[in-house]
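Just so it is clear, A, B, C and D label the chains in written order, and each chain counts residues from 1 on its own.
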Amino acid sequence: MSNLLLVIFDLVLLAGLLGVAWRCLASTDLFRAVVLFITFGLLLALAWVRLEAPDIALAEAAIGAGITGALLLVTLERLRSIAVERRRGRPDQPPDPAGADALLHALHDPPPPRRTFVPALSFALVVGGLMVTALWHQPDAVGLEPVVDEHMGVSGVDHPITAVLLNFRAYDTFLELAIVLIALLGAWSLGRYDRLPARPAPGPILPGTLRLLVPVAIVTGVYILWAGSHAPGGAFQAGAILGAAGILLVLARPRDLPMAPSTPLRLGLTAGVGLFLAIGIVGLFIGPGLLGYPPEWAYPLIIVIEIAATLSIALTLVALFIAGRPAGDDH
Amino acid sequence: MITFYLMAALFLLATILLGLIRVLRGPGSGDRMLAAQLFGTTGVTILLLLSMTLETPALVDVALVFALLAVVAAVAFVRQHGLPEPSGTPVHQRKNDQKTESDDDR
Amino acid sequence: MIANTLTVILILAGLVFFAAGTAGLLRFPDVYSRLHALTKADNVGLGLVILGLMLQAAGPADILKLLLIWVLVLAAGTTAAHMVAQRTWTHGEFESDR
Amino acid sequence: MEWLAQQLAPGLIYPTAGALLFALGLYGLIRRHHLVLRILALNIMGSGVFMVLLGIAARGEGAPDPVAQALTLTGIVVAVSATAFALALVVRLARITGQAMMLPGPPDDEAPVDDISREEHAPSAEYEREHRE
C-alpha cells in the first residue's frame, strides 16, 4: 500500500515539475516566469528527498528559496529601472525615443515566432528521446558506494558525502570554489554595483523580523556546518544559508549597502580557495599527495577548510547578488 | 501510520498543484507572490511528513531551512518595483485620469 | 495508541486548514481577502500538523526543532503578508499585467 | 500492483523525467528571446541533468552513490554562481543597448530579420557609438 502511494507521489511530483517548467518557459510575463521558477525549486527539493539525497535537498532549499528567487526578482527590478531611465532621459542625454519599446520589453517577452516551433520541437524531442533511450538501456551498476564505504575509516569524517567532497575528490571541490570565485570576478569586472532604485518597506515589521531571523540563520548555518561531519550538511549548505541571510540583510537595508572594507572582504572571499590550496600543497610534501591529508590529521584539517569555505561561499554569494565592485574601490 | 503520513503528503502536494492555477492566472503580481508563499509553507509540511515516512530525520533540517528563508523572496518582491515616495497617495485614492509619476514607472 | 489517534486527528485538522487556504487562494475575489484566507489558514494548518508530529517526536531536541520551524513560518508568513498587502495598497493590484 | 510499483521505481522514472526536463529546457532556450528566460531555461536543463545523475545514483539496493551526490552538490553551487554572473551580464547589456534580448546582429549587418521587426531591435545610439569607436 505505502509502496503504491510512494509511486503515486513520485508521478504527481514529476508531472508537477514538468508542468511548472513548461509554463515557466512559456510565460510572456517575466514575473510570472520567476514565481513559477521559485515553485520549481521547491518541487525540486522534494524530488531530491525522494532520491535519498537530503544533502542536495538542503542545498536546494537554501539556494532555491533564499538566493535564486531574490536574485531573479532584483534583476527584473534592475531591468525595469533601466528601461524607465531610458524613457525619461538622463541629465547628459535626451530621452530615448526607443525607450518606450524598451520599457515594454524589459519585463515582457512576446510569444516566440511560429517559424521556430517545428525545428525547436523536433530538436528537443530528438535529444530528449536519445537521452531517455540511453537511460532505459543503461545496466544497473553498483556505483562507487562500496569503494567509498571501504575507505571511510581514513577519511576523518563519518558522513560519506563530506568525505567525498573534502577528501576523496578534494580537487573537484577546490576547483568548484575557484569557479565560484571566478564568477564573482566576472561580475566585478562589469563595473561598480548599481544602487537599487527601490526602497525597502517602511515600518517596524521588516526590521523586527530580521532581528529574529538573522541570528537564527547564523545559528542554523553553524549547526548545518557542524552536522556535516556525521549527517547531511556541510560547507556548501551552510555557506548557502549564511549567504541567503546576508542577502536578506542587503535587501532590507535602506539605500546604502553595508559593504565590508575592501581588504577584509577580499581576504574573506579568497579564504576558502587559499586555505584549501595551502593545505593541499603542504600535503604534497608531508602527506600522501597534492590535496591529500594524513589520516590522523584529516578531521581537524577538513574542519578548518570547511569553515573557510563556508565563509567564502557565503560572502561570494552575497557579493554576486550585489553584482558589482564595492563603491570607492577603484583606486 | 506511515500510510497515513503519505496520504497527507500526497494531499498537500495536490493542493500545491491546484494553487498553481493562481500563479498562472494572477492577475496581479501580489497574487502570484502570495501563492508562492503558501507553497513554501506547504512544502515545509510535506517535508516534515516525509521525514516521518522515509525515516530520515535530516529532512527536518531541510524544512527548517525552508522556513528560515521563506521570507527572502517576499522581501525581494517588495523591492521589486519598490514603493513610491513617502508623499505618494495610495493608488485607490488617486484619480484615474491623472497620470502620476509612479504610474509611468510601470 | 492514544498518541497515534491524537496525531491522526491533529494532522487531519491541519489538512482541512490547508485545503481551506488553497480554496481561499483560488476562490476569493481580490488580493486582500486571499491574503487573509491564506495566512490564517496556512499557519494554523502547519501548527496543527506540527502539534501532531510533536506527539511522535523522539526527544526534546526534536520537539524544539519542530517548534522553531513553526515560529519561523509564523514570522515569515506574517511579514510576507504585511509586505504584499502594503505593496498592493500603494501600487494597485494589477500592475504586473499591462 | 506490486509489479507496477517495481516498474515505476524512482531509479527509472526520475532519470526519465530528468531527460524530459533537459529537453524542455532546450526547447525553451531555442525559442525564447528574452535573456532572463533563456537563463531560466538553462537552469531547468541543469536541474534535469542533476535529476538524471541522482536518479541513477539511487538505483538498486542499499545507500545511493555518494560520489554522484557530492558532484551534484558542487554543481548546484556552481549553477547558482553562473546564474548570478549571467544575470549581471544581462543587466549590463540592458544598460548599454536598452534591450534584454539577443540583438539580431551588429548594426551594419544587412541580414534579413523577418520574424521580429527591425524597428523593435534597433540598437540604441549609445550602442552604436560604442561600436564605432
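By our rule, contacts are C-beta pairs under 8 Å (C-beta built on N, C-alpha and C of every residue); 3 or more make two chains touch, one makes a residue touch a chain.
If you're wondering where the values come from, they're calculated on a predicted model, not measured in any experiment.
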A-C against A-D, pair bridged by the larger set of C-beta contacts: A-D
Averaged-CA centre spacing for the pair subunit D and subunit B, given as whole angstrom: 24
Whole-Å gap separating subunit A and subunit C, where each centre is the average of the chain's CA atoms: 27
Subunit A-subunit D separation of Cα centroids, rounded to whole Å: 14
Length of the line joining the C-alpha centres of subunit B and subunit C, rounded to whole Å: 11
Residues of subunit C touching at least two other chains: 68, 72, 75-76, 79, 83, 86-87, 96-98
For subunit A, residues contacting two or more additional chains: 6, 29, 31-32, 50, 52, 67, 76, 201, 206, 209, 213, 216
Touching two or more other chains - residue numbers and ranges from subunit D: none
Listing of all chain pairs that touch each other, if any do: A-B, A-C, A-D, B-C
Interfacial residue positions of subunit C with respect to subunit A in the complex: 68, 72, 75-76, 78-79, 82-83, 86-87, 96-98
Complex interface listing, subunit B residues touching subunit A: 2-3, 6-7, 9-10, 13-14, 16-17, 20, 23-24, 26, 29, 32-33, 35-36, 39-40, 43, 46-47, 50, 53-54, 56, 58-59, 61-62, 64-66, 68-73, 75-83, 86, 104-105
Residue numbers on subunit C that touch subunit B, as the complex places them: 4, 7-8, 11-12, 14-15, 18-19, 21-22, 25-26, 31, 34-35, 38, 42-43, 45-46, 49-50, 53, 56, 58, 62, 65-66, 68-69, 72-73, 75-77, 79-81, 83-98
For the subunit A and subunit C complex, residues of the former touching the latter: 29, 31-32, 104, 108, 201, 203, 205-206, 209, 212-213, 216
Interfacial residue positions of subunit D with respect to subunit A in the complex: 1-2, 4-5, 8, 10-17, 19-28, 30-34, 36-37, 40-41, 43-44, 47, 50-52, 54-60, 62-74, 76-78, 80-85, 87-92, 94-95, 98-101, 114-116, 119-120, 122, 124-126
